[in-house]
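One structure, pasted below without further comment.
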């Protein structure tokens, strides 16, 4: 009976695949995001940033022998089931050369473990920040353009200490993102002899966090560090903390650097709010990207758009470099951005293509950083602390 | 910790939250008692109500309290419609089938909200409101509205149930459905009335949750367990019990932070629920056990 | 290339269908046989997945583990752990009508999720457990999937045969008698509570096994897997559509629903991005609607419960 | 004179099984008729058949000239038959007054005459009209149940074992009430477990066994019948 169903399934699939088949020479890269699920609000801009990279490739002569580069969107729903399903489809049905994503760490771990590592497909996640990804036995196929939470947490701790924050309370969302950041932040802040006067996780989706805040405030800190999402529970916490005057100053991780707090709470109320976020080290790379993304109708300040763009652009370069050989993508990915060679800025596809054809070494300088991967496929991040100005978030200070 | 601090940061938020739970729990308790099944789509109906109010607020620029009646009527209509379209045909089947159907309805209502309004956080009014200080008590206007409206709505409902013919018919149906049918009480009308009331109150719960925090597509689902805990704690079929239960669950959730790690706050409602089932399933005010 | 890709995808679907079929079989024991409404499948699934993960994965800093036991020990442990969790819950909740069980199990799944996310020492908290060994995982991609599919299929067949045997045994007849007419069964001296508890625990054990198979297939398990939508609701649809009370129906339902669920996405992903995103939610809507339609027009499912001489009494005979 | 209620060869039961096999009986106006028989004889089932609560597959039920065989209960109530179930026959969480009000749910207009009539029959209840029905004693509950049924001025009252679980003193009281009710122009069909006492008080009786008619006749005749006595009166 089982085989019959597999046969039916195969038939269905064949039909779908045929229906979906466009020009067969297209080169495909998977874009697997948390389109539905908890980060659904962030996913669309991340995907459109990646699509921008592909658009630039196609406008500047296409990939390999002038073929079209197509981004195939899949939904990981931010859970392992969805992640593996989407990755399997991307790898097997669409025949992608590489994957940008999945967006959530849990989906990255599951998709990598069951699909992409065995299949030898390179994945670059722009937002899977869990330290667990570092330790994956990945045959060098799992990369990320976003630093592990460890980096950001520590960098934020050092910067805050320098800026004179000595006693803080930490509220973090109880998931891999919040826990990772909070643990790293706590360790570093205490190592810098700062005082953590309150440290508590919270669950997503409750209506009131006032008692949580009161409990955190009872330690006597005047600053609240929030590791959460600005368009999720983080907003509720920030609002209730502001309204009730629990703390004077507020600090957010990159998840809090979202437009939602400004839109919902008003910039005038956020004078004491700062948030860290990854930024490109070479500001001209970032500028180039910002320009292009704005022109394409996107908001370059949205979270993870630079890392998504970089992941997509670098994979395009790597596919070009590997000559379309899927197995060669991961090695090529390391070659195109190892700090040596002619610098390539975001959008400079034509130039890069010529250099690759000529066999010249290139070095991609991304919007979110240089992306010189370490042995585990991780990147050290560069971060800045942002404050809320008249036109939204403005860089206040670089973080080290 | 000072006494005022306890009141301001734990009890007052608990009472406000509890009032919101109470509004939902009253509907749950009525549906449970009269239609005799646990309606698992209640939370998502509340979400729908909150977003209907948002539509009115953004389209007409009205304050959310003015949009409240519109949302209540709209959600009541949707609730009646859902009953007619989906639950009515299952009435002759074992009740648990309807419980299952309601789980599917929860999903359907939620996805409608997600398609129409998206998945981003929204709020009725931009900006923040700092609480007023009343002799050391820090209370916001909207918190007072929330509690006052809850008491008002439940009061009107109680009056209706005790004084009016159809209100009594609802109680009769809850008390002894077979006998109510034998007495010639029109089951269909009672069911419809129940849905109108439950839907309206549910929308009020959603709107007040939205007023006090933000609107999110999952907001109602997250409230489902506390609302059920409140209904069962108060005693199924007991309107005043649902209010009492709602307040207790709300305050207990806020106070739980003092004794439990804060990530377990969401578990408080469930602990109360399980404890009640274990020691006194009829609830505080001796309701039904179905 | 295309064909190999399709075959790979079919293998993957086969594995997922097998895992979901186990969950549906477990649910069938609870709902199909005993009429117990378990709305917390995700919880038992998670307990199984984590138990097996902890028992079989190499040691990692900061959490329990490093036992590196063979996978079958992990799977057995998963069943035992899920059963142990089910026992007290059933003990408390089975005394009441199914509605209470439904609410209580939603809560149980929620608490299990909270514990898994929060107790880092036990489960590595929100980060989850990685490097879980997959049997034959060292083979190349296709062979490894094929081998795992064979294992899943074998486990499923064994589970099916065992459940089917029980179904036809006096135990199964008694369970159905209790479900259909509790009073009569009670009057005949059956220990209704005890039997129900048995069904609840057996079902939960199968769900735990399903979780373990899932974790080993992905080589990792994280708390996001405990999603009520994909781990609970989908299973319900599978069982109802396939035919509750019928073990073949449970497996058939798992097959049909997962194919629809997974393949429909390939179709919606062809839409322009904006619509593709909306389509994800419309898909959820349609799954909900499908449940309504099945409940109304074909409540017995595709494969109705086989009648073996026992007539089912009408619950509503007496108004 | 044609009978008020006539059952003609009624066959039916719950679900697919037939409990009643061609049962026939009739009740005349202002008559008290009792159905007796051993456990499982189909006594209560026969009563439910009249009230439209049974799947009737054969035969007919005619009330006051109308064939009510397939009617829904609420229509039958309006036509003039009221039914008092054996158990759960009151609204426990409602006051006595509210119980009566629910009994008169279908009636529009002023209810005071109906209240007066019922309170006259059951003076005990009048004093306690605000009391919750669930807090009353067994006999008083039975009064509330009957009072509720009488609020619609029925022509026929169906009583399902009104004396079950009551002490002999109350049993006598209930029978007395039945006579009083009859004197207001209402016919009564009741099912009784206490066959001896019931036959002694009723005008006529039917003896059912295994869902079929066995004997019928006046109460006195049946009491005198040896076969009937052996069936269940002997013990």
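Labels for the chains are A, B, C and D, by order of writing; each one numbers its residues from 1.
Assume contacts are C-beta pairs under 8 Å (C-beta built on N, C-alpha and C of every residue); 3 or more make two chains touch, one makes a residue touch a chain.
Keep in mind the model is a prediction, meaning the values are calculated, not measured.
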Review point. Which chain's C-alpha centroid is most distant from that of subunit B?
Key: D
Review point. Which two chains does the highest number of contacting C-beta pairs join?
Key: A-C
Practice item. Would you mind pulling out the distance in Å between where the CA atoms of subunit B average out and where those of subunit C do? Key: 31
**Study point:** Centroid spacing, where centroids are CA-atom means, of subunit A and subunit D in whole angstrom
**Key:** 76
Study note, to complete from the structure: Taking each chain's mean CA coordinate, subunit B and subunit D are separated, in whole Å, by 43
Revision key, fill the gap. Multi-chain touching residues of subunit B, meaning two or more other chains, are 114, 178, 181, 261, 263-264, 266
Point to revise | subunit D: positions in contact with at least two other chains | key: 73
Review point. If you look at subunit C, which of its residues touch at least two other chains?
Key: 114, 117-118, 229, 281, 284, 319
Exercise for review: Using the touch rule from the top, collect the residues of subunit C that touch subunit B in their complex.
Suggested key: 35, 37, 39, 92-93, 96-100, 102-104, 106-108, 110-111, 114, 117-118, 229, 233, 236-237, 240, 278, 281-282, 284-285, 287-289, 291-292, 295-296, 299, 315-316, 319
**Study point:** Interface residues, subunit A side, partner subunit B - complex
**Key:** 36, 40-41, 174, 200-208, 210-215, 218, 231-232, 235-236, 239-240, 242-245, 260, 263-266, 268-269
**Study point:** Interface residues, subunit B side, partner subunit C - complex
**Key:** 32, 37-38, 40, 86, 89-90, 92-97, 99-101, 103-108, 110-112, 114-115, 178, 181, 224-225, 228, 232, 261, 263-264, 266-267, 269-270, 273-274, 277-278, 281, 289-290
**Study point:** Touching residues (chain side subunit D, partner subunit B) in the complex
**Key:** 51, 73-74, 77-78, 82-83, 85, 88-94, 98, 101-103, 105-106, 148, 152
**Study point:** subunit A - residues contacting subunit C, complex
**Key:** 1-2, 5-6, 8-10, 12-14, 16-17, 19-20, 35-37, 40, 43-44, 47-48, 51, 72-75, 77-82, 84-86, 88-89, 91-93, 95, 104-107, 109-110, 113-115, 118-120, 130-132, 135-137, 174-180, 201, 203
